[in-house]
Amino acid sequence: MKSLIGLLLAFMLLLSTSLFAGGKQEVKKYDPDSPVTITLGGYGDLETAYKAVVESKDFKSKYPNMKVKFVMNDFAAHHDRLTTAIAAGKGAFEVEAIEIGYIAKFVASGGLTNLSGSPFNAKAAVKNIVKYAVSNATTKDGKIIAIPVDIAPAVMFYRKSLADKAGVDLSGVKSWDEYIKTGRKLTVDKNGDGKIDQYALTSPESVWEIPLNGGKGGWFDKNGNVLEPKERFINVLNLVKKIREAGIDADLDAWSQSWLASFKTGLVATHFSGAWWGGALRTWVAPKEKGDWRVAYPPGKALASIGGTYLSIPEQIPVDKKLPAWELIKYLTTNPAAQLITFKKIDAFPSLTTIFNDPVMDEPVAYFGNQKARKLFAEIALKIPESSVSKYDVIARDIWITAVTNVIIGKASVEAAYDKAKKQIENRIQ
Amino acid sequence: MVKRRSSGHTLLWKASRTLKYLVLFGVSLIFIYPFYYVFVLATRERANMFKVPPPFWFGHGIGNNYSSLLKNLPFWRNMLNSTGIAVLATFTTLFFCTMAGFAFAKYKFKGKNFLFNFILATLAIPQLLGIIPFFKMMVWFNWLNTWFPLFIPTMANAFGIFLMRQYLNSSVPLDLLDAARIDGIGEFKILFKVVFPLAKPALAVLGISTFIGSWNNFFGALVILRDKRAYTIPVALSSLLGVHNIDFGAIMMGTALSLVPLLVIFLFFSKKIISNLLAGSLKGVAR
Amino acid sequence: MKMNQQKIAPYLFISPFFILFFIFGAFPNLFSLFLSFTRWNGMSKIEFVGLKNFIYLITRDDFFWKSLTNTFFLLLIGSLLQHIIALPLAVMLDSKVLKGREFLRTAYFLPYITSTVSIAFLFGYLFDRNFGLFNYLMGLAGLPGIKWFSEPSTVKPAIAILLNWRWIGWNTILYLAGLQSIPEELIESARVEGAGRYAIFFFILLPLLLPVIFFAVSLSIIFGMQLFDEALILTGGTRGNPGGVDNAGLTTLIYLYTVGFRWGKFGLGSAVSWVLFLIIISATVTFKKIIERLQH
C-alpha cells in the first residue's frame, strides 16, 4: 500500500512538473505588418474606455493590423479566473488587468512576464508614470511585472452645503483630532425628532486605509517584522476607536443600499476614497447633488491610494503575442490621448504624469462646484511615497481588517486586537 | 359571532383549518416576495430604487432597462446558450443517472456496495481547487468556449444516481421486473418500458434540479466561456456588475427575464411529481 | 443467455459514471491529493513537504478551527433544521383537499430557482440597515433595526435565514416525490383501524419515508458542510475580511477559497479539502448508522 502511494505521488510529481513548467522563449520584435488579435481580460468599466481608445484614429493608424477583443467580468470573478489560468499554466489572455488590491499577490507569486527585461524595457516606458504606482508593481529585485494604467489618489470628499450649515471648513483639516472635532459639529439631529439624521461619515472602517498608504505595502518593516513599527498601527486602531466613540459615524456597511443612499440624502457629510469615487458620485451614486460635493486633502495631508488598475502580460503567452500585447499596454498607459480618453470615459485617473500639465487638469469640474479637483488628485498622486509590496501583504491585510472591525464594535481593546492580529499573521507566514 | 348551530368540534376544526391556511399562505409570501421584487426592480430606474419604504410596486423603467440591457449584452444569445446547455445537461443526466440508479437499486452484483459508496464519496470532495487541473484539461481537449465541459463531465453524477437509487428502491416492485423478464424482455428494454415510466416523480425532481443547477452554474462557466457571445446568463449578468454607466435596473431586467424559463421548467416538471401511476393520494392525512 | 444479460447489465448501467470519473475526475482529484503534501503558490516550483500542511491545520490553524465551528453551527440551524419544516409541509402540500396547493408548491419552490447572483441583490435589500424589508417591518412593530452584518452575533442567523429560505422548497419537493411511492391502501387501512392523523404520520409515513429522509438529510450534510455561495455573498464577497465581521461567517469552504485563491497557498488549501472530505464522510456514515438503527 505504501509503495503504491509512493508510486502514485512520483507519477503525479512527474506529470505536474512536465505539465506545469513553462519553457524559455526566444525574443523577437513586434511586426506591425502582420495581423494579430489581442484579447484583454478585465472587469467593470474598463471595456468602455479601452474600446474607445482602440477605435480612435490614432491607434488605428499606428496599429492597423491589430485587432483588440475584450472579455470582461465581475471584479472578483475576473481575478479568480486569472488565478485559475495562471496556476493551470494555460488559458490566460494576452493582456490581463489587475486591480491594485490583487497586485501584491501576483507580483509575489510570479506567472506574469517580467516587463523590465528585454525586449520590453519597461523601465524606459514607465519613466513618466506615477512613481508610487510603479513601485507597487515592482518585485524586491526590481522587476516590473505590470504597468499602472489608472491610479486613485485618496481624498476627502465632503458636502459643501452641510459644512457651511454646520459652520465648519473642511477644505484643510489639519489632523484627525480636528476631523473628529469637526465631525461632532456635522453630526446633528436636523428635524429635532431625537434621532440623528446627519453624520460625519459612513463608518470608521472607511478610514483605516488612509493613514496606512491605502494598505499598499508597508505591512512589514525592514527586518521583515509584521505590523511594525507598532505605533503606526496602534494609532490607526485608536483612530477608528475614537471615531466610533465620538458617535459621528452612521455605522453603515460599505456598498449596502443604505450606504449608497447616504451620499445623496445628506446622511453623511464626508467620505474618504480614491479619485474614481468622484466618477461614481457624478454618474450614478449622487448625480443630482451636482455642485455640492467637494474634494480636499485627507486630515493631516495623509497620502494614500485607494484603487487603481494595472495591465500585465501572463508569462504563458507565446512571444509572438507578447510583443503586440506590450504595444497595446504601452499605448494605453503612456499615450496621452489614450489616458485622457480613459479618464473622460470612466473617470479613471491617469497614471501618466505628463498629462498632469494638460489643460484638462486645470479645468473646473462642474460636479465639484467648479473646483479644480483634478489638480488636487494630481498633486497628491505625485506625493504618495513609493513602497514595495510583499507576497504576504494580502494575508496581513485580510487579518488586519478583522482587528480594525473588532476594535470598532468594541469586541477587542486596541492592544488585544493588535497582538492577536500580529500573532495570527506571524503564524501564517512561516 | 359564530353561529351556535355548528358543534364545538367543528368550530375548533374550522378555526384550525383557517389558521393552517393563514400560516401556509402567509409564509408563502415570504418566499414569493424576493422573487416578485426582482420584477419590481426590473421595471425601475436607478434613481428611484433606494427609498424608505422600499418600492413595492412596478415603475416606469421597463423600456429603458430593456434597451440598456440589450446595448450591453447579446442577451438573447446568452439565453440561448444557457438553454442549450441546460437542456443537454437535463436529458443526458436523466438518462445516465436513472440507468445507474436502477442498477444499484434492483440488481445484485459483486462490488455493489463498494462501488456505490465510492460514488457517494465523490460528492464529499470539495471541488473548489479542482477547477485548476480541470481547466488545464479543458485546454488540452480544446474545449474552451464550447458547451461540452458544461454538461459532459456531470452527465452521470453522484447526486443523480443517489436520488434515483433511493427512489427506485421503493417504487419499482421486483415482481414487475421478473414478470417482464419471463416475458423475454431484455434488460435495456426493461429500463425503458418499466423503469422510466415508474420513476416519473423522481425524474421530475432530478430534471428540475439539473436544469436549474446547470442554468445557475457560475464558476465553471466563468473559466470555460471566454467570449461575450459564448457567455451563459449568470456570467453575462455578472460581467455587468461594476459597470458604472449601466442602469442597475438593466441587470435586474436580465435577471427577471432569465427566471422565466426556470419557472416554466418548474411548472412543467412539478406536474409530473404528483401525477404518478402508483401514487397514492394522502387524502385526509394532512387535514 | 438471459442470466448472463442480467449479470452484465448492472455493470453496463453504472459504467458511464466510472468512465466519466476516470476521464474528468481522476486527474483533478489525484492532483489535489498530491498537492496537499506540497507547498505551491500556483506558479512556483512544487515543493514536497510531507504531512506539514495537515499538522499545521490540526495543531495551529485557528482560522481552520473557527471555520469548522461556524460550518457546524450553520449546518445545524441552516441546513438541518429545515427538514423538520419541510417534511410536514410536503405532507400538507400532497393533500388533495388542500386548496391552492399548486400555487403553494410553486411559491415555496421559487427561492430555489433564483440564482446566486440575484440572491446577492435581493438579500442586499432584505437585510439592509435602513431600506431592508426586515428592518422596515421591525420598525413598523416599533423595534430597533438589526445591524445584521456589523455584529458577529447576527451574521450566522442572517445566513441561516437565507439557507432556510432558499432550500426549504427543494427539500419539500424531495419529500413530496417520496410520498408518491407510498400506496394509498396502506393509509386507508390504517384509518379504517382507527388511526388518527398524527399516528398515521408518525407510524406509517415516517418509517416508509426513511429512505427519502436518508437521502435528503445526507445531501444536506454533504452540501451543508461545503457551504460557500450564500455565506460569501452575505459577508461581503471577497473584498473585506474573510467571512465578515470577526470572521463570524467564515465557513470551511470560504476559508479554502481564501487560502487558495486569495493567499496563494494551494498546498494548504488542498489539505483543507481532504480533511473536510474525511469529516463529511464520517458525518454521513454516522448518520447512515443512525438511520439503519431506526429502520430495525
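Labels for the chains are A, B and C, by order of writing; each one numbers its residues from 1.
In this text, a residue touches a chain if its C-beta (ideal position, glycine included) is under 8 Å from a C-beta of that chain, and two chains touch if they have at least 3 such contacts.
A quick note: this is a predicted structure, and the numbers were derived from the prediction, not measured.
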item: Chain-level touch network, classified as line, ring, star, complete or other; value: complete
item: Chain pair with the higher count of C-beta pairs in contact (A-C, B-C); value: B-C
item: Cα-centroid distance, chain A relative to chain B, in whole angstrom; value: 39
item: Chain centre separation in whole Å, for chain C relative to chain B (CA means); value: 15
item: Inter-chain centre distance, chain A versus chain C - centres from mean C-alpha coordinates, in Å; value: 36
item: Junction residues of chain B - those touching two or more other chains; value: 50, 131-133, 218, 238
item: In chain A, residues with contacts to at least two other chains; value: 80, 87, 257-258, 261
item: Per-residue multi-chain contacts in chain C, two or more chains; value: 31, 42, 125, 130-132, 266
item: In the complex with chain C, residue positions of chain B that touch it; value: 20-21, 24-25, 28, 30-35, 37-38, 41, 50-54, 96, 99-100, 102-104, 107, 109, 112, 115, 119-134, 137, 152-159, 161-163, 166-167, 169-171, 181, 186-188, 191, 201-202, 204-205, 208-209, 212, 215-216, 218, 233-234, 237-238, 251-252, 255, 258-259, 262-263, 266-267, 270, 273-274, 276, 278-287
item: Touching residues (chain side chain A, partner chain B) in the complex; value: 19, 39, 43-45, 48, 69, 71-75, 77, 80-81, 84-85, 87-91, 93, 257-258, 260-261, 279-280, 283-284, 287-288, 346-347
item: Chain C - residues contacting chain B, complex; value: 2, 5-7, 9-11, 13-14, 16-18, 20-21, 23-25, 27-29, 31-32, 35, 42, 91-92, 94-100, 102-119, 121-123, 125-126, 130-133, 136, 165, 168-170, 173-174, 176-187, 191, 197, 200-201, 205, 208, 211-212, 214-215, 218-219, 222, 225-226, 228, 253, 256-257, 260, 266, 269-270, 272-274, 276-277, 280-281, 284
item: Residues of chain A touching chain C in the complex; value: 8-9, 12-13, 16-17, 20, 76, 80, 83, 86-87, 101, 105, 108-111, 251-258, 261, 315, 391, 394-395, 398-399, 401-402, 405-406, 409, 411, 424, 427-428
item: Chain C residues within the chain A interface of the complex; value: 30-31, 33-34, 37, 41-46, 48, 60, 62-63, 124-125, 128-132, 147, 149-152, 236-242, 245-247, 258, 261-264, 266
